[in-house]
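What follows is a pair of complexes built around chain A, which joins chain B in one and chain C in the other.
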Partner chain A sequence: MHLDPFELHRPASVDDVVRLSRDLAGGFDYLAGGTDLLPNYKMHLNLKPHLVALEDVAELQGHTLARLGAMARLADLETDGALTAAYPSLGEAVREVATPLVRASGTVGGNLLVETRCFFFNQSYFWRASLGFCLKADGDRCHVVPQKEKCYATFSGDLAPALMVVDAEVEVAGPDGRRRMPLHELYDLGGDGIRRTHLAPGELVVAVHLPEASRGRPGTYLKLRVRPSYDFPELGVAASGVFEGRRVRSLRLAVGGADPYPRRFDALTDSLVDTELTDERLQEFSARVERAVRPVHNTFLLPDYRRRMVSVYVRRALTRLRESAAS
Partner chain B sequence: MATTGSPEYRLLGTKIPYIEGPLKVTGRAEYTDDIQRPGMLVGRLLRSPWAHARLRSIDVTEARALPGVFAVLTGEKYPTPFGVLPITHDETAIAVDKVRYIGDIVAAVAASDERTAEAALAKIRIDVEVLPDYSDPRDGTGPVKEPIHARGLLGSNVQKEVVQHFGDVDAAFAQAAHHVRVRGNFAGVTHAFTEPLATIAEATPDGRLTVWSATQVPHYLHRSLSEVLGIPMHRIRVIKPEVGGGFGGKSDPLPHEIVCAALALETGRPVKILVDREDVFYTNHGRHPTQNDVRIATDARGQILAYDIEALIDGGAWSSFGTVTTYYNGVLSMGPYRVPNFRYRGRRVYTTKPPSGAMRAHGGTNIRYSVEVALDQLAERIGIDPFDLRDQNALPPNSTTVNEFRITSTSFRKCLAASREKSGWDQKFRKLPYGRGIGLGCGFYISGSNSPIHFTPKMPQSTVHLKVDMDGGIAVHSMQADIGQGSNTLLAVIIAEVLGVDLERVHVQRVDSDVSPIDLGSYSSRVTFMMGNAARAAAEELRDKLLEAASTLLSLPVSSLVVAHERFQSKADPKVGVSFLEALHTAMERVGALTASGAYNSPAMGGTFKGARAGTAPAYSFAAYVAEVDVDVETGAYRAVKVWAAFDCGRALNRLAVEGQIEGSIHMGLGQVMGESMNYRGTRLLNPSLLEYKIPMPQQMPEVEILLVGDDDPEGPFGAKEAGEGPLIAILPAVGNALYDAVGVRFTDLPITPDRVLKGIDLRRKEGRPWKGA
Partner chain C sequence: MPSPGPLRFQLNGHPVEVPAESARILLDLVREDLHLTGTKRGCDLGTCGCCTVLLDGRPTLSCLTLARLVEGRSVTTIEGVSPRQGLSRVQQAFVDHGATQCGFCTPGFIVTATALLRDHAHPSKEEIERAISGNLCRCTGYTKIVEAIQSASREGV
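Take a look at the complex of A and B:
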């Protein structure tokens, strides 16, 4: 497998990026760490003639306790003890991404917008051609859930749920200027699975903002996968919240790796606030989350198993938060 | 360098790093892909997108017309069938008439560069009639609509059926006090060697063809090239550069190797074919998906009375080693135990999937898992310890099995004793808390096949040549194939040991059929035993010449001299002696450089019934492993915490290499237990990548305590036996049985993924059968 030629652009400012994206009118991809995009390109997955590299854009670089640049490298986050202590869910999630080598290149923005994954999509051109192309690339039907409308590929980033539960906001820039939105509103839960975010054409993520109010709040991220490194999540559960004894003062829960998008469960968690989280209620709560998640058979582990693990992982995550309040 | 040793030997038994190690770790070692030839073209293969189809026509006109394309080849040019076993030649270099699996080679291109070659492949037009595909071997046991090969038995897809019966199994079961039955189902696994397949070929104007290839068996490649291309062997030169792992996956002559040579002949230019990882998965020849049915009967005390075994083996599209596999699933089920009555029916069935073949501990792994699980079950039923059950059934040294295997050395009982003691078995078995468990698995394996594939009874199975000149460097030639397992190092160590010289004097030459005498290569765990004996014989011949010269120089009889470090000296007075170089230069007077040759052929053995030679070996290795596991009973995830690996490889000649083989085998075996699996949807492989084919990560490796307890083998070189394949077998049932001890569930199918563990735990709970109080 080899990379087909593309034209590489290296803009130096966000304004230049936005201009370029307008000129290239959709015929491009942003190139951040490249750890996912370039293997996908080798498989001829949705090739574009232009790549806009973001590595020279100074504004996208680096991170502080309040702001993660879109091009901040995961390895730099992982080794910043102050950051991982301030946002434990983020700290745990970033360490679980792929391998050290991938984290050295991989970026915050890249992980938030990582391509969704599916056995029938992440395959070589030969493989896909021999089966018949799918609706996510070059074709018009889904091989997982036979129909022609919706893609069920799984969202496979680790950072999104971990950042959602600390109420992170995402700053985007585009032809119409800048805007900020809660990270969990970036993802389009009503989409067709092909278009998965509310980003307008040409918009890019500039940074993630971390609210001071969440700093130091207990949090956790639990990742299900077959092997303890390398593998994408088959399920990722993030939680953050404050307990007084067993009493819930605040709680956020987000799940990734199971549906085509990461999502928060605010209605469910809000119902727990100012209540005692007994083992029975926890059991009941995690079963409700499990029922709300619908993995399909497009990854290594079977969907029934992944679903069942939702309640186990939710229970473990919340138990951990409850215990951290007790200690 | 030396850390531990034996008083008898200077080097043997110590830990010796690979002699090529510094070259490998600095990137200087030359693998096939590192070789560049002037004007070299890129060869590329067009693979079938159909599982089973008749080729109506292939139009290569447009592909050929593309600038930069030097040759486009289809199957009819070299239709001679080949295959690793002389009796089952059913592969062709490129598909002729039919394609038989997704990934089968339909055409090949040689072009100036990769992109041009791929563009040419895209321009090849193929018209086919799609045929019914066969993914499940059960569907191929009777007559089928479209047999995959004409050679299938009676219009079926059965490639080979083996039926054996020794003693009277029905009578034994009738009088048995206990019997158990285990039905196992095993997913296919593949070798996943580090270096993908690669070949370079060059036809030169002197009428010769040179082929460089990542192969375990240069000699069989040499033969196959000659047969298919119609060129006498002496005009073909096969060179084996460094090889980055094989595990059986580079032991067949493979189609791409022949295609590469054919493209070189077509173009008159050197051609390189690199097989990418996805295509390595399609080339496969890995461990067969298998369904087996094992019944074992014992008397009241647990003495084994009989085995009754069936195996249904999914061969994929070609025969490969399949006939051997079919025999091995039966005959390798018995040792290390005495089994007085034995019945076996094995069938290997073609399917339209990537071909299965030989993989590390070939034919002895899946069946062993089922047998060892059955024995664990028997021990529980009878109420005796699993160690005691195995100990009382152990084959004694110098015995003969019911199917006439000659067992010489066995330290199996010592393996049992060592792993039992070191693991703290008696304090742990059934006594660990719920979710934690300990299990025993045992095994044995051939130390070289007594009847090699190309069987010429009077021809040696291994030959080693030595040449030493004025400089005192010893050049070693042999076609043995170092594939990363350390055979070059062992060759050097044996020669240095016998001659008393420093290791740095010994230069093992690259395998080159022009100069290397034939050794049958790296398969069936034959190298240490066979090459080792040949090397020893060659070194002793050279040593005798040098001793003769020393005797002349010292005016002492040869019988009064001994070999010392870089010196030959008087037994009586070590101060009286000559240096290695002095003796060498004297020995060279009038004759010049010295040469010596050693060879090995295994003694005659085995019965006279059909298939009697399958599994006969000049020696066998034995193993008894204990694994301790920790199960997360809510998720079904588990981890092997520690493994005690007691192994009998006779004398370990290079302890570092032996330990590496055992650790690597445990890693590989754990892969098959924990998650490695070629997953299919129908005939389509879903996970042809190292991301989705789940080789365990280093974090999943348990602590391994290696217990080398073997006594010297009477015929092995310096008492050694194999340590390359046998070490894999026992880890699988050790983990399976440990999981039973942990959660009370029998896992008969591999891999044991977390969802299966959880399902088993659920079922046991549902049935109201608590385990360890949970």
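Take a look at the complex of A and C:
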């Protein structure tokens, strides 16, 4: 498949990127690793006349224990033992992204902002044309939830939940300067599914900041998918926290792969802090998370199965944390 | 749309200069413009690994790489990991173990395995399986491929 023509830009600094994005006024996509964008372009999904490649922007590259550049390659995170030991949920999640070949090119920023996925979207132009297209590309209705004017495509990144549970912050740059926000506030839970983040037009993710306080805290990431490699998550559950025996000292839980955005469940986890996490309590807690998540029929596995697996995966994740404290 | 100037990069150790539009994909450039057809087009979407090349030494999906972004860099294709005469140890091991049937995926596996054995002289079975988990084979069932790579690692690459 050949790509339709576009103009390729290669800015060398964040300031140049911001200037370019203003000049191109929305008629562009950022190109990070390209492992998601280019397949979508080959399928003629929401093509733009300009691509702004971020590859040459030095500030976006590389990573330390405190900072992941937006263009840091997933393969480089995966092989950094100090990083994966310091943030176990991140270490487990990054190994689970697609395949080694995709991780060689795939980036942190790209995974956080990966395009949401749906049976009715991730198809060829011909296939989509036969159904009259959909809300997310070229059309005006949703085939999954037809009575709504909202896109229900599933958020399919692995890193976001894993980074949310270690209280990561995201640094963005735009025409109005720089700002930082907690990663879980990047995603617009009240959006229409097409607009999914609180990024202003032209803003780009520069880096993810990892707080020292989370370093070394036990954590895990469990991913549901059909094949043990390549597949996007049908569900991803990340947890991080400190237990003393069965007593919860701190706890974060985030779920991806189920809704149009990754979500953290602070109200639910806060209710467990300073309590004993017995098996009964865990059962009850995981059922509450399950009720809060609403997968729809737009991926390979049936939504009822995915929803029921939420409580299974939450139980497994928290049991793992509790057992790691006991040992 | 302005046409970019010639693209210059190292291909299999030799400098090349070739015209390439912004939207040209590396796989298409290598196969159609430079006529190195050992690199295969499988899914063309990054799933199968048939198009694997080494970009600055790292196994990379050429079907998801813009040709312009390899400017000044080093690309090694299956032709570049094969000796001028005969076969490399990895290639010979694939032959000896019957690790290839239709052969379409083989160049991708050879490139991935060559990079693996360059970085890890004696990988475990699990490390091999993990390294090739982005390369799909629809014929062999993988057992013979893993055995071939294990065998090549014992001999040294």
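Definition applied: the second predicted complex is superposed on the first by the 326 of 327 C-alpha atoms of A that agree within 3 Å, B and C clash if a C-alpha of one lies under 4 Å from a C-alpha of the other, contacts with A are read in each partner's own complex, and residues count from 1 in each chain.
The definition used in the following text is that a residue touches a chain if its C-beta (ideal position, glycine included) is under 8 Å from a C-beta of that chain, and two chains touch if they have at least 3 such contacts.
From a predicted model like this one, the values you see are computed outputs, not experimental measurements.
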Query: Of the two partner chains, chain B (first) and chain C (second), which one does A:1 touch, if any: first, second, both, or neither?
result: both
Task: Give one of first, second, both or neither to describe whether A:230 is in contact with chain B, with chain C, with both, or with none.
output: both
Message: Looking at A:34, would you say it contacts chain B, chain C, both, or neither? Reply first, second, both or neither.
response: second
- request: Using the superposition on chain A described above, determine whether A:100 touches chain B (first), chain C (second), both, or neither.
  value: second
- prompt: Which partner does A:302 contact after superposing on A: first (chain B), second (chain C), both, neither?
  reply: first
- request: Tell me which partner A:51 touches in the superposition: chain B (first), chain C (second), both or neither.
  value: second
Query: Regarding the shared-chain residue A:282, is it in contact with chain B (first), chain C (second), both, or neither?
result: neither
Task: Would you check which partner chain A:14 touches, where first means chain B only, second means chain C only, and both and neither mean what they say?
output: neither
- request: Enumerate the residues of chain A that count as touching chain B in its complex and touching chain C in the other.
  value: 1-2, 228-230
- request: Mind listing the chain C positions that touch chain A in their complex?
  value: 1-2, 4, 21-25, 28, 44-47, 49, 52, 58-61, 64-66, 68-69, 112, 130-131, 133-135
Message: Taking the touch rule as given, give the residues of chain A at its contact with chain C in the complex, in rising order.
response: 1-8, 31, 34-35, 38-39, 42, 51, 53, 55, 75, 98-102, 104-105, 228-230
Interfacial residue positions of chain A with respect to chain B in the complex: 1-2, 119, 122-124, 126-127, 129-131, 224, 226-231, 300-302, 304-305, 308-309, 312
Message: Using the touch definition from the top, list the residues of chain B that touch chain A in their complex.
response: 47, 49-50, 102, 114-115, 118, 276, 278, 634-636, 675, 679, 684, 686-688, 691-692, 694, 696-697, 699-700, 753-755, 758
